[in-house]
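Okay, so here's the structure we're looking at.
So that you can tell them apart, the chains are marked A, B, C and D in the order they are listed, and the count of residues begins at 1 in each.
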Amino acid sequence: MRNRLKEEIVISGVGCSRFGDLLETPGLKGLSLQEVTANAVREALDDAGLSGQDLDAVYVGNAMVHSSQLPGTYSQLSKWIGAELKSGVHFDAQCSTTNVGAALAAMSIASGVYDTVLVVGFETTRTKVKGFSPYEREALQHKETWLWTDMAVNQAYGVPQGYDIFSTYNGLVALGYCRKYGLSIEDYDKGMFELCRTRRLHGSMNPKANIQQTMEDKASELGFSSSYEMWQSDEVNPFVAWPSRLMSLVTIADGASAMVLTRADIARANKSQPVQLKGFGISYRDLPWYDEDPTLWDFDRRSATQAMEMADIKATDINYLHTHDCSHISGICTAEMIGYLPSGKGLAAARDGELRYDGKRPMSTHGGRHAFGHAWAASAGSDTYEAVLQMRGMAGKRQIPKRPEISVIHTHGYAMIGTTIVLGGV
Amino acid sequence: MDTTVTSTSQSAIELYYKGLEEGKLKARRCKDCGEHTFPPTGCCAHCGGWSLDWVDLSGKGTLLFATHNISPACHPRFEPIAPYVYGHICLDEGIIVQAIVQGVKATPEDLNQLFQRGQTPVEADILRMDDLPVLAFRIIR
Amino acid sequence: MRNRLKEEIVISGVGCSRFGDLLETPGLKGLSLQEVTANAVREALDDAGLSGQDLDAVYVGNAMVHSSQLPGTYSQLSKWIGAELKSGVHFDAQCSTTNVGAALAAMSIASGVYDTVLVVGFETTRTKVKGFSPYEREALQHKETWLWTDMAVNQAYGVPQGYDIFSTYNGLVALGYCRKYGLSIEDYDKGMFELCRTRRLHGSMNPKANIQQTMEDKASELGFSSSYEMWQSDEVNPFVAWPSRLMSLVTIADGASAMVLTRADIARANKSQPVQLKGFGISYRDLPWYDEDPTLWDFDRRSATQAMEMADIKATDINYLHTHDCSHISGICTAEMIGYLPSGKGLAAARDGELRYDGKRPMSTHGGRHAFGHAWAASAGSDTYEAVLQMRGMAGKRQIPKRPEISVIHTHGYAMIGTTIVLGGV
Amino acid sequence: MDTTVTSTSQSAIELYYKGLEEGKLKARRCKDCGEHTFPPTGCCAHCGGWSLDWVDLSGKGTLLFATHNISPACHPRFEPIAPYVYGHICLDEGIIVQAIVQGVKATPEDLNQLFQRGQTPVEADILRMDDLPVLAFRIIR
């Protein structure tokens, strides 16, 4: 692999829906999945100063077709976004989808074929089509969500033999982390509390987040004397994969995100400030995702190394980082592997407030997978959306005081594809 | 950039089917280019504009060609009426639609007769399936 | 769109399974979908003289996840093909999948990022996973196949209102063709018979075809005095969308195909003769697929024009053509639009034997969608496989006497994405 | 190029589960690089080679870490036994597997005790679910 893009590629427009529930969340309720997605596309196109007619290609991603019942998205979305007769494809890399799409789009432009490509991701993890209705939806049962999501995990030998996302992606990693760095289970639990508190603080500052309530407000609503007392409550926050608790996990959502990629040399007349896609790296591995040491994921290391080499940056150049935090401890391991946080010190950094939007090492300022929520194929785009807002100084209350010049976004696509992209100023 | 949440509204898809229930063909007309988008979406299919009015179509048109489909139907909703006649229609507003055609038998003989006759005027005649009103047309004799 | 590839890209290896039924067809029966797919990959890798370890990226396509229950294919296939820790994505363009994958792979190489990419497509349209078994399968009901396949068709206004593939894709096009060229329904029917007879002749010469029985052998097996008598039998060959009959259609299949793409300058040491991917074009449109004239499909015209412009060829340069022939009359319309057959003369060409492997205008020599069979996401790869065999002079009994120098392959991905690729010698 | 059809054979997946039924852990060993591929496929996971022998593993190994999962289980097959203990195991042949661990209660107390104890020898103890034998392990006291 030569790992170089022959042309400078920029993200010239970004859009993202609120993450929530198509049956109840303001901004989503009452709309079809096509319309929620089109609204995210409209925001991205407006941001880039374009219409659907200006695109050469449209790459649309969706992971769980069992709930969306919307394959063939290139054509099914086309009239909703004014982009018929373009080139396109339907694709997914599960929860890395939108950023893998950014890589595919960048390569298709740098190859000399297309000039401007729209990347879209949408997902419904909380609602599904009701019967054969063209517009009615109904709630998804938690078990359906996981059964269909886990279809992306080894169907020959993983899922049939008791694979469980919470154990593999959370509990075992937590134990490996504690053993490796001599952390006590109590300190681990406290660290997870601090991390969740930070993420929920960010969510409370983000009008598009799935959860906009701080840990403190939730504790007082439920009558706890402190948020840490709530954290330790087996009822509110049970162990789902000991020693990891419920609130160290993802919250599921319906949602959509979109971005426009184009050549840097034709984006100068852009409506908003374009951001360069300086590098990307993608690497997958089937189960087991790690060898003896559950904190060391080789495919993540490869994806980050490729992206940072393509972008020609070092870890010390990174001003803002998002790592996939479906599992909070896995997100910390990735941040330490990348070198954004010192090895074994991630939870201490959370405790000291360093990971806050106003801290020294800001991370996941949109709220991360727990507070912003997780809509599989739309989520990587929501991370990129947040990074672009931060780099433009348009992140509102949660704006990082000194605008990041280099942002790195890492995501995990089930099961498992590590994806890292590097964004920089133009 | 607008980081606020897009305001809630009703789905164009739902509005369309509610319209059919009342015998109306709801469409959009673009404020920029004046073209129709039918069935309705939130974006002009012609110019990509996002400013659209709601209008009702006449429901009148010309049947260009008619064929039939198999029985049982590919979709459970249409099992009760399969095999049915399916037509290629140009509405008076210049919009091409394909839809079920009522009042013609789905036999080679009748379809051949219709083909030999050539283009034929039709008008909307909403079909009421168990769970959904469906846009269909009927030949005007 | 600049529509130029900055580097010469070749297909250096191709593989294809037999098309048939995982429950009963020799070569497929008893194997898992992973293994059927891995066998096609193995053939392509062997052909290119590579192992899975030599790849930079793996793009895997599958359209109907309801029957395969195998999303996240990049990782789920990785151990079956020896290609872990690579870059990858899952993608589909329904029945254009593998050739859209070739375009994506070519662009990712020409961009300067990857050197060698594997494209894979697999599909099960006749069998599905049985219960929760990791290896047992059961027959798919025809109605399930179409319900799940038609999910790729407009779910807001098409399918809910009585859309039917046979009417839209066959009967209406046939009537438009007859009206436009003043063809009688009887002559149309006779032409369709001749076309099917040619396709089945090709299938009978192809050990990988789904149907390997000629029309003549089938007629005599069923006790008809002639194959045309069988053709006109309402029992054996009923009208499915008047005036089109059952045998003018696709036959469904399970199957897999694969190809290796790489830079022309590093493929010189290839085991087999590489074939250049000289051009491609992709264009989609939602329903209606055509305006007043059902024989004129604008997205197909765009896809063919883009591909031929990128390849810098004219219609008269084409020595071998495959057009998507799920619907035989649609395939003829496309061939006439491309200019390989004179307008309105396609059925006469079929009658005169011109479309046979040994005719003046050979088409679909593997047997086409009717005789070779159709396994959605694997089919475009089977067309490319056939073209590569023909160009190398390795197509056995059905070898075109004068090896084609320029081959063009057109496919339709539901619903609807026209895809054209142009292959030439290196 | 070989245009003949690959000969029929039995699925490695089926052979694996049939092996489990007899209490055997079926694996492949590469003729080129000598490494194990487990669970079995038709291709060496290490070098990409396609020439593989069938071998049986010892079923002995070391439990590195053990956690638990939730109830009800994500997959219907495991509802009857959820919550269950799930472990990260290194087999004596150097192969990492994750599997259900039997004989330990899925409580924070027992899991903590196991964690404090550190690495623990285990051996395969096939679990027989209604529809499928499942590779599981048991701690050797």
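A few remarks follow.
Keep in mind that, in the parts below, a residue touches a chain if its C-beta (ideal position, glycine included) is under 8 Å from a C-beta of that chain, and two chains touch if they have at least 3 such contacts.
What you see is a predicted model, and the numbers here were worked out from it, not measured in a lab.
Measuring from the averaged C-alpha position of chain B to that of chain C gives a distance of 31 Å. Work out the mean CA point of chain B and of chain D, and you get 55 Å between them.
In this assembly, the C-alpha centroid of chain C lies 39 Å from the C-alpha centroid of chain D.
Chain contacts: chain B has residues 13, 75-77, 132 touching two or more partner chains. Touching two or more other chains at once are residues 32, 34, 79, 84, 132-135, 156-157, 160 of chain C. The touch graph of the protein chains shown belongs to none of the named shapes.
Under the contact rule stated at the top, the pairs of chains that touch are A-B, A-C, A-D, B-C, C-D. On the side of chain A, the complex with chain C involves touching residues 1-7, 32, 34, 56-57, 63, 65-66, 69-72, 74-76, 78-79, 84-94, 100, 104, 106-115, 129, 132-135, 151-157, 160, 281-286, 298-299, 302, 306, 310, 413-417.
Remark: chain C residues 143, 146-147, 150, 156-157, 159-168, 170-172, 174-176, 178-179, 185, 239-244, 287-288, 290-292, 294 touch chain B in the complex.
On the side of chain A, the complex with chain B involves touching residues 14, 17-18, 26-32, 34-35, 38-39, 42-43, 47, 51-54, 79-84, 131-135, 207-208, 272, 389, 392, 394-396. Residues of chain D touching chain C in their complex: 1-14, 17, 37, 41-50, 75-77, 131-132.
Chain contact summary for the complex, chain B toward chain C: residues 13, 16, 39, 64-70, 72-78, 84, 86-88, 90, 96-100, 106, 108, 111-112, 115, 132, 134-136.
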